[in-house]
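Chains: A, B, C, D and E, in written order; residue numbering restarts at 1 for each.
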Amino acid sequence: MIRIGDAPGVRRLLIGVALVLTALFLLLPLVAIFAQALMGGIDLYWQNLSDRYTLAAIGLTLLVTLLTVPINLVFGIFLAWLVTRFNFPGRRLLQTLIDIPFAVSPVVAGLVYLLLYGRNGWLGGWLDGYDIQIMFAWPGIVLVTIFVTCPFVARELIPLMQAQGAREEEAAVTLGASGWTIFRRVTLPKIRHALLYGVILTNARAVGEFGAVSVVAGAIRGQTNTLPLQVEQLYQDYNTVGAFTSASLLALLALLTLAAKAALEWRAARRESLA
Amino acid sequence: MSIRISQIDKTYGATRALEPIDLDIRDGELIGLLGPSGSGKTTLLRIVAGLEQADGGTIHFGEREVTQVHVRERRIGFVFQHYALFRHMSVFENVAFGLRALPRRQRPSNSDIRTRVMQLLEMVRLSAFAERFPAQLSGGQQQRVALARALALKPDVLLLDEPFGALDAKVRQELRRWLRHLHEELGFTSLFVTHDQEEALELSDRVVVMSNGRVEQIATPDTLYREPANRFVFEFLGEVNRLEGDVANGRLTCGNASVSVPGVEPGRRELLLRPHEVHLAEHAIPAAHLPITVAAIVPVGAEVRLELEADWLEEPWLASVSHAEFERLGITRGRRLFALPSRLHGFDAAGAQNVALPVG
Amino acid sequence: MSIRISQIDKTYGATRALEPIDLDIRDGELIGLLGPSGSGKTTLLRIVAGLEQADGGTIHFGEREVTQVHVRERRIGFVFQHYALFRHMSVFENVAFGLRALPRRQRPSNSDIRTRVMQLLEMVRLSAFAERFPAQLSGGQQQRVALARALALKPDVLLLDEPFGALDAKVRQELRRWLRHLHEELGFTSLFVTHDQEEALELSDRVVVMSNGRVEQIATPDTLYREPANRFVFEFLGEVNRLEGDVANGRLTCGNASVSVPGVEPGRRELLLRPHEVHLAEHAIPAAHLPITVAAIVPVGAEVRLELEADWLEEPWLASVSHAEFERLGITRGRRLFALPSRLHGFDAAGAQNVALPVG
Amino acid sequence: MIAATLRRRASRRVLPGFGLSLGVTLTFVSLILLLPLTSLVGQLSQLSLSQYWFLISDPRILASYRVTLLAAAVAALFNAAFGLLMAWVLVRYEFPGKRLVDALMDLPFALPTAVAGVTLATLYSSQGWVGRWLETLGLPIAYTWVGIALAMAFTSIPFVVRTVQPILEDLPSEVDEAAVTLGARDGHAFRRVILPHLWPALVTGTGLAFVRSLGEFGAVIFIAGGKPFETEITSLMIFVKLQEYDYAGATAVASIVLATSLALLLVINLWQGRFTRRLHGGGA
Amino acid sequence: DQPRELLNASYDIARELFAAVNPKFVDWWQQQHDEQVSVKQSHGGSSTQARSIMQGLRADVVTFNQVTDVNVLADAGLVAKDWQAQYPNHASPYYSTTAFLVRKGNPKQIENWDDLARDDVELVFPNPKTSGNGRYTYLAAWAYADQAFDGDKAKIEAYMKRFLGNVEVFDTGGRGATTTFVERGIGDVLITFESEVNNIRSEYGQDGYEVVVPPVSILAEFPVAVVEEYAERNGNLDLAKGYLDYLYTEEAQRLLAGFNYRVNDEAVAAEFSDRFPQTELLRVEDVFGSWPEAMKTHFASGGELDQLQRR
């Protein structure tokens, strides 16, 4: 087979440059995180990890993720079903709307929520009357995180479901299946991987959101600090090792995400090659 | 179950997919919808199935009007063009799907489902493949799974969209034959879509020829071939040679060629004929003086296909002659001969007109 | 430019794609490579092009050995199965590509390129489409662009991989005819791949029939059809009916059927015949007692195709009879008749054997 | 009226779930996306045009636009080159560790931006592993716009790679071969044949990287330095204005960022649509 | 059931301080009222904190580094209008001033504010727009120039321009500036609160840095107040008041002095007097009229600061 760029010299050069750049831009930062975290030895690392506030931040981050991911999962599925299975006026508009969070700077995202749910905002003022606090408490953090991560699942599903078409679902209808049966037995198995992939991405972003959360969190130690905010605060408290300890936790999570994604892709590729 | 389609029409945006259509299908008939791409075959089939809503008109299954009935309640089986098998389910589960989707009260027991599915797989000769996944089957096998799945709920009506379109010639032939047998055995009413003339002619009790959202002709295969209702049907059903010229005094003249066409109105006329209606001779006869040159020779099966060129022809004619005739005339490339049409067909607004010539 | 292929072979991993192959192509010949999927046609074509490296053997273009010569320097034109047009370039730019890619010294001036390209587009009858993009053309038009592009550098050898595979029947027929004319006009040597028998037979000066990486037969279309070298070629080139039985005393018996087969060795034998070699009669004759029942009737064009069933047959036979014969015998579904084979073909390790019977 | 039309259509739909999905989706979109954005509009509507103009054209803000645009442009261009190279290498070549490298390409999406920011600031400061060397070469990175561009580039690496990669994978080998049989050398074939195929994906990926970089905050603030007129990015200005209780100012500037990003996204989509139409048929 | 929780919203660099104060306060409250309570902290640029509180951050008390930030809350009705009168010393339990941290051996020979405007000096201090700390620095420099050039506006502005031009990095808060100077090794001088300067020396070792307290500087008051609106809602009004009261106790004052803040408790002040060089501390009100006035002329959009930074 004759392919462009297959001359050994060209190939070696390009691979070499690619590897060096990857090492410099991607691998090195990763190594640096762990190196900095372990700078003070493993004992200090554990001590930092088991710090009361770090534990609280881990807890809050988990809470936010556990709420955000299922909500966006459900929403993403409904949206994808809607825009790929039905034709209705405003379909394209809806698809464009869902991209807004990608275009909005996280700080702006935080700002708009603050404007709405802050005590001076019209919704926030009204809620304040009932003593319900959204901003500077976990509900606010969850809300902005949902905002920032809401496109991921839908964006994975829509192209796939569009490509797959509705034929199998139609076949199921002609065979008498109800809506729930169709979804559970026909659609879900087809989109399982994209769904999982969407969840992984949502999860990664939900865990790591910084800009939007920092606007609405209020930085109460042990209460509204998520892990990324904790990283920032520790970093500013002269506690580099502590900051990188939390950072290493997040980096570990990132690596798990990458591994999960690679595993999924590998399985999909294998299934394809078998089929 | 008979099907009565009255005044069904459908428009997509600016596209008129179906002009108002009437069609009566008798109980147990096997009907082929034949037409070029975009003629509205799939649209009509999907409307009958209830997968698409017509803009107007009614559909009856037997005495029951089903126009507003949801697909789920129409008791139809539908075989999709690319089968739409559930890829993640085994062959068995695909076929069992409809049974398992029944409301709990009506749903057969697991063992009954098993029996019924295995019986269906037996029927489509796939019992050995029950545990395979669709991707592990050949196209023809997938097609049969789709059929078994559609038949699992014992539909009154079976609808098939280009059931053999994606298969190669050999498998297609075999499946066609098999489908006809199945149809005769089970006796359901079926309606299938195809754009392959041979398939429609071979398989159907009656063929519905469509073009541009209209029904051009509804007839048995035999009638269709012999008495096409109009030019479209004639051209669509087989290869066609064209002869254009001026008719005067019962004779058509075109350059140095002429042929007697008794009964054809004078004026500029175009007549058509099929390759097997072209015979060859060493000499012209009074009724036909059509000098041609043999441009190419292709022996195919029982016949030899010839390409004939002439000054008076814009496009070459095709002729198919038997090997015997081929050898008798000692045909070679470049040989000059005379064409003797055994029949000429003329179509105009008024209808079809056939001219038989005393040849062959 | 003649082409000499000697002992070319190729293995992919565990797949033996080509057994050592020899093939001599004369200057100006149009050769078809015919064979079922996976038989190695594309592999051979790509090795000739230099797109693939053979494991062993040599290739000469005329007197020049090109086995180790890079594609770029082989002076071939290659037409890919799906055309591989450059989608982002206009038709004009596609055709001009090869000229523009020439080293500066050899590159014609822009106006020369323009002239040459327009001349090529004229030739493929696409001058009006110069500014269109490939996606705006029909399949047949794209095919012609691909041809013009391949011819722009005046190659000595034109190689085409299933040039008409993706086109529908009508367009395919037209393009075939057109390619043959072009070939005759320009006189390059061409080698094309197809898996369509009719195409190979219609287009080629000689056909190379391949299967499983081997050449089964190299012959003119006529010879190929009449004197197939082996069973594979026979079966591949058309529809086949099978007759299996025990031969004793020059007669083959199979259940209640029997037929005289003078000269066939005794023992279990399988004989083959084509649909047009099956004739029908109301009575058996001494040479053949083959009772059958008409199972299906399909009038197609000049002939009527029949499906014949019998106890002594595993698979039904196909027969094609003329309309005249059809009417003479008054054939209907279920009619019981006798089959009279006009010829029977037997193949064994030793070679081919034909039995002619005094029928028809 | 519209609702009635929708309902009528819905009752005739073959597949179930239209009403439910429409309900869920509209509720979600209204509450999560639209409602907050209206608050932005509400805030803006309290400004007169001249006030608005004054807020968004403040010289310091203007400088921040410049810095942001410049750094984002540099980051996007870097990623166009780097992404193209990586996509090419990952698709066309086999080498040990390829799967690892491939997986690493997604790191910037998986790694929280704040972590990226802290790490890059540490690495590229004059004390850091890399910064130390660059410093001796007279190339300070941290606290200059180069640092900002670096952080932006890091967080948007996957855009180009992941948009170009599938296109390159799908590019049939015949395209290469067709060019070669026509006598083209590698360079010529790459420029005239392969690159044009990748062009839509490359531009889209680069555009997305650019949009993302415009809005990037977490990764940038640690390395930005925040010198007025020199290293202040627009997101930071919004943040700063928020900290000054200057809601009007924050909203005004935010509206500019938002409008720019949306406009860019729209342009990318339209352009991509046009290009795709040309490649797949339809009007010229 | 749950112990009561008090939320103290404070400025950026007071994290360690209150981390030390809070447990002591908890003990103190336990002794006084036999009630187990807990204290939560929130830190950020002190203006940011005021903004957050207005938007709903439910702090019971604020411990800020700038009077204006509390005034904002008072204007919004969250804090009593007369908050400054409710506790001694204008409700400022401790105070500090702006000082310089230079690198070991003071290689650039920094002694006073005029050195900071030299061409060869690079400065690090937080952004006056976002940070109270930065504002004090700016005002201190201005106050110095005002004194040195006898109120000659042109000269003052020329000085200020050079001074601001020397800034290498503007962080959003005091902590960011410290990190930049110490961890990133940027700049020759870090200008921040005297307390912070000394804390850095203790944190990063005595040998790396030297503290320079200029002869003239600004008085940085650290005002405290109860956010009555919230404290009441949280049921913490007594606790909040107790917390602020506690800051004036001798125990707390000693603690504060230990963190290098100047205090008013005479006994404690005397005890720690060697730590705090005698300098002339100018009051914002004296030099600039009032805080609101200073804010308006200098820090508002298009104000003096923006003018000076324009180029």
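Here, a contact is a pair of C-beta atoms (placed from the backbone, for glycine too) under 8 Å apart; a residue touches a chain by one contact, two chains touch by 3 or more.
Just so it is clear, the structure is predicted and the values come from calculations on it, not from any experiment.
Where touching is counted per the definition, the chains common to subunit B and subunit D are A, C.
The interface carrying the most C-beta pairs in contact is the one between chains A-D.
Ranking all chains by how far their C-alpha centres lie from the centre of subunit B, first place goes to E.
Put simply, the C-alpha centre of subunit B and that of subunit E have 90 angstrom between them. Once the centre of each chain is set as its mean CA position, subunit D and subunit E turn out to be 39 Å apart. One finds 56 Å separating the Cα centroids of subunit A and subunit C. Once the centre of each chain is set as its mean CA position, subunit B and subunit C turn out to be 26 Å apart.
For subunit A, the set of residues touching two or more other chains reads 1-2, 114, 121, 170, 173, 178, 235, 240. Among the residues of subunit B, those touching two or more other chains are numbered 51, 71. Multi-chain contact residues, meaning those touching two or more other chains, occur in subunit E at positions 54, 183.
Chain pairs that touch, as defined above: A-B, A-C, A-D, A-E, B-C, B-D, C-D, D-E. Subunit C contributes residues 50-52, 71 to its touches with subunit A in the complex.
Contacts from subunit B toward subunit A in the complex involve residues 49, 51, 71-72, 76-78, 80, 82, 84-89, 97-98, 101-102, 133, 135-136, 149-150, 152-153.
Subunit A makes touch with subunit B in their complex at residues 167-168, 170-178, 181, 185-186, 189-190, 274-275. Taken in their complex, subunit E has these residues touching subunit A: 7, 12, 15-16, 40-44, 52, 54-58, 173, 175-176, 178-179, 182-183, 200, 203-204, 233. Within the complex formed with subunit A, the subunit D residues making contact are 2, 6, 9, 13-18, 20-22, 24-25, 28-29, 32-40, 42-43, 82, 85-86, 88-89, 92-93, 95, 97, 99, 101-116, 118-120, 122-123, 129-130, 153-154, 157, 173, 176-177, 179-180, 186, 189-190, 194, 208, 211-212, 214-218, 222, 234-235, 238-239, 242, 247, 250-251, 254, 257-258, 261-262, 264-266, 269.
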